[in-house]
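Next, two complexes with subunit A in common: one pairs it with subunit B, the other with subunit C.
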Partner chain A sequence: MGSVFRSAEMSLCQIFLQSEAAYTCVSELGELGLVQFKDLNPDVNAFQRKFVNEILRCDEMERKLRYIDKELKKDDMKIPDTGENPKAPAPKEMVDLEATFEKIESELREVNTNAEALRRNYLELSELKEVLKKTQNFFAEHGEGHHTIVDDAQNALVHDEMATTSATAVQLGFVAGVIPREKVPAFERLLWFACRGNVFLRIDEIAKPLEDPVTGDAIFKCVFIIFFQGEQLKLRVRKICEGFRATLYPCPESSQERSEMLNGVSTRLEDLNTVLHQTEDHRHRVLANCLKEIRNWIIKVKKIKAIYHTLNMCNFDVSHNSLIAECWTPVSALENVQQALSHGTELSGSTVPSILHRMHTKETPPTFFHTNKFTKVFQSIVHSYGIASYQEVNPALYTIITFPFLFAVMFGDLGHGFIMFLFGLWMVVMEKKLMSSKSDNEIWNMFFGGRYIIMLMGLFSVYTGFIYNDAFSKSLNMFGSSWHPNYSEPLLDSVETLVLDPEYEFDNVTGPYPFGLDPIWQASKNKITFTNSFKMKLSVILGIGQMLLGVMLSLVNHIYFRNPLNIFTEFIPEIVFLLCLFGYLVGLIFFKWATFTVHCSTCAPSLLIHFINMFLFSYTMPNDNFNYQCDHTNPKLTGCKATTVFYRYQNYAQIALVLGAVLCIPIMLCIKPFVLRARHNRKIRRADNLQAVSQSALIHHEEYPEEVKQILIF
Partner chain B sequence: MGSMPEMYFNIDHGYLEGLVRGFKAGILKQGDYLNLVQCETLDDLKLHLQSTDYGNFLANEPSPLSVSVIDDKLKEKLVIEFQHLRNQCLEPLASFLDFITYSYMIDNIILLITGTLHQRPINELIPKCHPLGSFEQMEAIHIASTPAELYNALHTLLIAYLEDFYSFCNEMGGATADVMCEALQFEADRRAFIITINSFGTELSKEDRAKLYPRCGRLYPDGLSLLAKADDYDQVRAVADCYGGYRELFEGVGTNPGDKTLEDRFFEQEVKLMKNAFMQQYHFGAFYAYVKLKEQENRNIIWISECVAQRHRAKIDSYIPIF
Partner chain C sequence: MDRKIIPAVAMTSIWGFVGIVAPIFVQFCMRGSPNKGVVQVMLVLTAACCWLFWLCAWMFQLNPLIGPSLETNFIRYIQEEWK
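Let's look at the complex of A and B:
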C-alpha cells in the first residue's frame, strides 16, 4: 500500500554503533534523513553529556563564523549560494577547521583594530579641521583678530556698566570642541546651571556626517566654543565637557596660527586617507578569501554539531566500547538505513560492523509521510489542521483533488482561471531555475511553495468557468443558445423587457445547451437570481459530499484499527444524522431538478422554506384534489404554492427524519464515555484482584493456584 | 479614567502587561538552579542557560567567559526588555516606569559621588553604573564643588523619591495601589532597619539618623521613633518584634553556618512580595515586580558564577530561588 494513503509503517530499531564508527555512521544516517533518534538520557543535563566538549567547540566555531559573516555583511559582500551540500567532515578535520577559523578571526580582528585606530585618528583630525574652520569663520565674522570677539563676548557676559569700567582688565579664555548633536540641549542647560550663566557658548553644526570608528555608522556632531573668565570656571567647563564626552581640541588664539594648523591638519588627513585605503584593501582581500568558503563552512559546522547532539542521545556501553542508539525508521527504509550504516562503518575504517536490530514496542510510533515535491504542499495543508495519528487515513490524498476543486467552485472563471493556470505552469516549468535563486520574499516563497496547487486551482477554475459559462465575467456562445425567442420586430422595439417562456421559446429538439450554462442568461435580467440559486444548490451538494467523504474515511479508520465501539457509537449515528438532515436536502434538490417542469413551475417548492419548516413541524397542505403529478396544474384548483407539501406523506417522512436525527445526538454524546468508563473500572478491578491474589498466594505458599488461574482468565 | 480603571486597563496597557507576564514566565525555575549549581565551569553555565529563555545571549562571547561579562550581558538583557516596555507604553505607565528608573539613577549618582570622594577617576566608575539608571548628565556629576554635601543631600533625595513614588501609586488606586504600597512600605522599612543597624559604631548621631528614615512604611511613626532611640542590634530586633511580618525575618538570622544574613532574609521577603504581585491583574505592580525579580535572578546567577569561577562551592546554594 502506498504510503500516501496511510502514514508509513514505522519500526523501533536499536543500533549498536562501534565508538570509532559512530560519528561516520550518524553522519550517513543524517544525510539519508529517514531516522528519528530517541533521547535515551532525557534526565542528563546538557553539560553533563558525553560529547559536551565537542559541542562547545562547535559553538566556538559558530561564533567565529558569525563574526566573519558579520564582517562580510559590513562590507556588503554577498555570500554566493553554490547549492553545494558538503558532507560532515571527519572528526580529525575539525581541528583544521578550528585552526583556519582561528587564523581568519585573529587576522580580521587585527585588521579591524588597526583600521579602527586609523579611523579614530581620522575622525579626530577631521573634527579638529572642522573646529579650526568654524572658529576661523566665527572669529572672522566678528571682526579682525581675536580681541573684538572677546570684547563681544565680554559685552554679553559682563554687565554694561562694568564693561565700560573694566573691559580691558578682564581676560577671557575659551575652549573649543566637538559634541554629538543630540547632546547639545542637555549640555547647554547644564553649562548654564553649573556656571550660573557666566559662560558664553557658541554652537555650529557640522553639516557633513562623520563616521563612527567602531561601527562605521554616520554620526552628526556640532562644534562648540565656550568663553569664560578665570581658572575655576575653566576647570568646571572642562569637567562638564569631559562628562558629556565632548572632545576638546587645542585652538590657537591668533588667526595666523590657526590657518597654519589647518594646513597641517589637511595634509595629515590626506596621508591618513591613503593609509586607510590600504588597510581597507587588505581587509577586503582577507574577506574575499573567506567569501567562497564560508557557506560550506557554516554547513559543515552545523552538521558536526548535529551529529554530536545525536550522539549525546545515545547510551554508552562501556563493556563493548559501543554506543547504543534507539530510533524510529520507516520499515520500507530499513534497507537504506542498513546500507548507510555499513557505508559509515566502511568510511571510518572500522572492521566491526554496526548492528541494526528491530525492537518490539507498545509505544505509538511517530507519523511519517513520504512526500514528493507534488504531494508536499497538500500534506502541509492537511498538517495545518492537525497531524494524523500513526497509520490513520491520510486525507492529503483526497485533498489533491478536493482542495483545488472546491477553490474552483468558488472562483469559477475561465479567463482568470487560465491566467492562474499559466502562472502556476510557469513556476512548475521554471522550477529548477527559480529554486536555485533563493528568495527571502515571504509572499513569493508562499506562492512558489504552492506552485502545483496554484496550477491545479487554475486548471479546475477553467473547468468550472466552462460550467458557469463565465470568461472574464462574460459568457461564451460556443454551441448556440437553445432559446429561440420569436417576438416581432416592432414589439422588440417598443418593450424593454420580455419574458421568455420555456414552453414556447426553448428548443426542445436540440435539447439544452450541451455544456454549462446557456449563454442567453448573460442577457437576462434575472441572471444573478438564477445563478445564485444554481450555485447555492451546487455548493450544498458538493459540501455535503465532502462531509460524507470525511465520515466514510473515519469508517475506514475504525475498521483498520478494529474498533467496533467507534463504529456503533460514532460512525453510525454520525452518518444517520448527516443523511437524515442534509442527505435528505440533497435528495430534495435532485428531486426538484428532475420533476418540476415548465407545466407546474408554480408548484415548484422553495427548498429553503421547506427545510426550515421541517424543524418547525409546520406544513401547508394542498387541496384534496392535488395528485402530486406535474401536469397542467391550476394552482387555484389544487392550492399548491411554493410552500405546500409537494409529495405524498411528505410531513410524515420529514417528522421521522428529524426524530431520527435528534435521536442520534444522545447516542453520539453519551454512550461512548460510559462504555470507556466501564472498561476502565473493570481493568482496575482486575488489577486489584490480581494483586490481592498474588499477595495471598505468597503468604500461603501458593496454596491456591486454581484460583489464580481463574482470575487470570476472568 | 473613570470609576473602574480595570475596565479600560487593557486598552492602553493590556499588550504590555501580557508582555511582562511573558517575560516573567522566562524567569529561571528551581530546576534550572539545581542544574546551574552542578556546573563545573562557566562554559557549562552558558550551555545550560542556552536551554532557558536566555537563549543565545552569551553566544557571541569568546571563551573563556568571565563573571563580569556575564554580569554585563544579564544587565543588558534586562535593559533591552525594560526599554522595549518603556518605548511602547502610555501614560500613566510611562511615569510609573520612569519612577522605577529613578531609583537606579540615584544609586548611580551615589556610586559616582562616593567614587569621587575617594579620588577615583570617573572613567573607572562609569562602567560600574547600572545601565538602567544612566542618563546624559550623569557623567558630569564630578563638577560638584562640594561632593560631601551632595552625598548627604542624596540620601534625602532617596527618601523623597520613595515617598513620592508611594504617593504616586496611592493616587493611582485600585490594584496598583494595593500591590505597590505594600512593596514600597517594605522597601522603606527595610531601609530604616538597615540604616539603623549599619549606623552602630559610626559617628552618625541619632538625630541625623532619624532624618534618614523614609516616612512611608509600616514603621512610621511609632516604629521609626523607637528605631531612632535604638542603641544596639537587640533593640532593633525588639522593634521588629512589634510588627508581624518583620519578626519572622529576624528569626533565624545569625552568623553561624547555615544561618542566613538579615540582608538575605529581606531579599527573600522581597521575592515573596513580588511573586504575589503577579496574582492580580490590571495593575502596574507587575512591571515593578518583574524588574525586582529579574534583578534578584541576576544576583543569583552572578553568585553562582562567582562560586563556580572561584571553585568555592561551599556556599553555592545560598542563592534565593524565585519560582
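Let's look at the complex of A and C:
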C-alpha cells in the first residue's frame, strides 16, 4: 500500500567523500532532503571538531546579518520575499560575503554613532533655547525696562517673603535648567526642605516633548529657574540639581545678551537639523542597498553553517584523504542519493567519485513517512500525539476520515457546515495563488495549512447536519413527518400541551423518517430529552467502534513483526475485555432499539442501570408468568420494570461475561513480563555455557528489551 | 412491514456501493498511482462511518417509546396543513 500505510523502509549507508568534493556533495544531499546523517563523533567536544573555525565565522556573519535586520526593522523597511532558494555558495565565496557584511556593518555603526551625537547636541541646543525663552518670560512679568534680573528677582523674593529688611540690597544668584516633568513635584519639595524655604523656584512647562537621543522617546520637560543667596545655598542647589539629573544651562544676566544668545542658538539649531537630515538619508540609502540582497544572504549563511555541522559529524580518514559519513535514507530514495552524489562530485571538479555503500545493522532505523500536500496535515496532527516506531502501522491514514467525521458528529449543522465546506473549497482551488502571496499572519497560515481538513470537515458536517436535521438551527421536512396527531377539538381546547402517544400518533406503516431525525421534534418541548438519549447512545457506539479499529490495527502490527507472544498476551485479552463489556453494551443498545415497542414501554430496560447491576451482580427477576416477548402483554400482570431482567438467562450470560473480562486482566499484566524474563535468562545461561569472551561482549551490548524494563517496574 | 424497510435497503445499497464496489473499481483504475491505497481506505472508512451514523438515527426512531410534547395550537396547525 505504499509508505503511508507503514513508515518507509530505511537503510543505513556509508558514504566515502573526497575532501575536495565533500562540501559540494553535502550541499547537494542537503538540497535533496532525504538523508539523515548519523553523528560519528559523539564524544568529541564541539570546540575540538574539525570545522569549528568555519562555524565560528558563520556565527559571526549571522550576527552581522541580525544587526542589519534589526536596523531595517527600526526603519520599518519590510524585507521582500522573492521565493528564491539560492544554493550554498562555495567556500571561496564565503570570504567575499564576510567582507561585504563587515563593510555594511561598520558603515551602519558609524552612521548610528554620528546620528546619536548629533541628536544629543540638538537636544541640548533645543533645551537651551527653551531656557532662554522662558527666562525672558519670567522677567518680563516682573516689570520692564532696564531692570537687571537681580533687581527683578530681589523684588520677587522680597515680595514673596514680605521681609522687613527691604532696604538692604542682597546679592542674589540664580541657576536655570531643564528637568523632566515627572520629577518636578519631588524636586520642589526637596528644594523647600533642604534650603529651608530660602530659595525661589519658578517652573514653566515646555509644550513640545523633546526627543531623547538614545532611546528616541519623546519626553516632556520643564524649565526651571532657582534664585538663592549665598555660596552655601548655591552649592546645595547645584547638588540637588545633579541628583535629579536636571541639566543646567548658563543663562546671561542682561536681556540683550539673552536675545543675542537666542539668535545664535537658533541658527545653530537650523544647521544641526540639516546635518541630521543628511545623516538620516545616508543611513536610509545604505539600508535600501541591502534590502534586496539580505534575504538571500541569510539563507546562504544558514546553508553554509548546516553543511559544516554535517561535515563535523563525519569521520576524517587521513590515509585516503577522504571523509566517511554514515546516514539513514529510505530504500526508495537510494537512486536519488546516488545521483546527488555524482552531481556534487562533478560540480567540485574532483575526478575521484564518491562511493555509496549499504550497511546492515541491528539498530532501529528512524521513522520516515512520504507525504504529499494532502496527507501532510493529517500526519502532523498525529505526530503531535507521538511518532510511530519504525514500520508500525501509520494512524494518520485513518485519521484522514475519522478526524473530520468525529468533528462533524460534534458540529452537525447543515448550513454552517456548508459555509465551512465552501471556505475550504475556495482555499483549495486558489491554492497556487494563495501560496505565492506569502503572508506573515500566523492565523491565516494556520487556516491555509489546514485547507484540506477544513474542506473535509465541512463536507461531513453537511451530512451529519442532514441526519441531525439541523440547518441553521431549523429542521427540513423533505419526506414528510411520521407523526400524525389526530385529536378532537374539545381536547385541544382544554389543555395547553399534549404528549403524542407513539401507539396512536406514530405512523408504523411507513416507518420512521427515512433520513435523519423527524422534523416534528424541532417544535416539541421535549426535544432535548429525545436528542440527548440519541446522542449518548451514538457516542457509545462510535467510541467503541473506533477503539475496536485501533485494537485491530495493533493485531496487524503483531502479525507484521511476527510476535505471537503479543497476540496471545496483549491482543486476545484486549479484544475479549473490550467486547465482553462494551461490545455487549453496544449489542444491548441495538437489541433495545429493535425489539422494545411502545406496547411494553414500561418494561423497556434502562441500560445504564442494567450495566451497573451487571458489575454489582444484582438481578431483579420478574414474576413467574413473565412473557419475554414484547407484544400486547399487560405489564401490570407480569411485574416488569426498567430494572428487571429482560431476556431469558440474562443473569447467567452477564455473570459469564464479567468473569471472562476480569480474567483477562491478570493475563494482560502478568504473563508477558515473566515470559520475557525467562527468555532473557535462557540467553544468559547459554552465553555462560559457551564461555566465549566475544559472546559475552555481544550480550553486554545487546540491550535489555524495552518492554520488559517498562513492565517490570510495576 | 415492507414499506418500512425501503429506506434501510436504499441507504445500505448506496453506502455499500461507495464502500465495496468503488474501491474495487479504483483498484483497476488507479493501478499505477501511489495514492491508490489512500483513496481506497478513504472510501471504505467514509462508507462505514456514514452508514453506521445513518443506521443509528433510523433504528433509534424505529420503535419510539415516547412522543413529542407539542403545544395545542401547533397540533391544530399540523392537523390542517399536513392532511
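To be clear about the criterion, the second predicted complex is superposed on the first by the 552 of 714 C-alpha atoms of A that agree within 3 Å, B and C clash if a C-alpha of one lies under 4 Å from a C-alpha of the other, contacts with A are read in each partner's own complex, and residues count from 1 in each chain.
Methods note: a contact is a pair of C-beta atoms (placed from the backbone, for glycine too) under 8 Å apart; a residue touches a chain by one contact, two chains touch by 3 or more.
Predicted model, so just to flag it, every value in this text is computed and none were measured.
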Touching partner for A:V662 - first (subunit B), second (subunit C), both, neither: neither
Touched partner set for A:I612, first subunit B, second subunit C, both or neither: neither
Touching partner for A:V95 - first (subunit B), second (subunit C), both, neither: neither
Touched partner set for A:V409, first subunit B, second subunit C, both or neither: second
Subunit B versus subunit C as contact partner of A:L517, first or second or both or neither: second
Which superposed partner A:N45 touches (first subunit B, second subunit C, both, neither): first
Touched partner set for A:V675, first subunit B, second subunit C, both or neither: neither
Touched partner set for A:G545, first subunit B, second subunit C, both or neither: second
Partner, of subunit C and subunit B, that touches more residues belonging to subunit A: C
Subunit A contact footprint on subunit B (complex, rising order): 35, 38-40, 43-45, 47-48, 50-51, 59-63, 122, 136-143
Footprint of subunit B on subunit A - complex, ascending: 45-48, 52, 55-56, 59-60, 62-63, 66-67, 183, 186, 190, 194, 236, 239-240, 242-245
Touching residues on subunit C, where the partner in the complex is subunit A: 3-7, 10-11, 34-38, 41-42, 45-46, 49-50, 52-54, 56-72, 74-76, 78-79, 82
Subunit C partner contacts - residues on subunit A that touch it in the complex: 1-2, 4-5, 372, 374-375, 397-398, 400-402, 405, 409, 463-464, 467-468, 480-487, 492-493, 495-502, 505-506, 508-518, 520-521, 523-527, 529-530, 533-534, 537-538, 541-542, 545, 590, 593-598, 601, 604
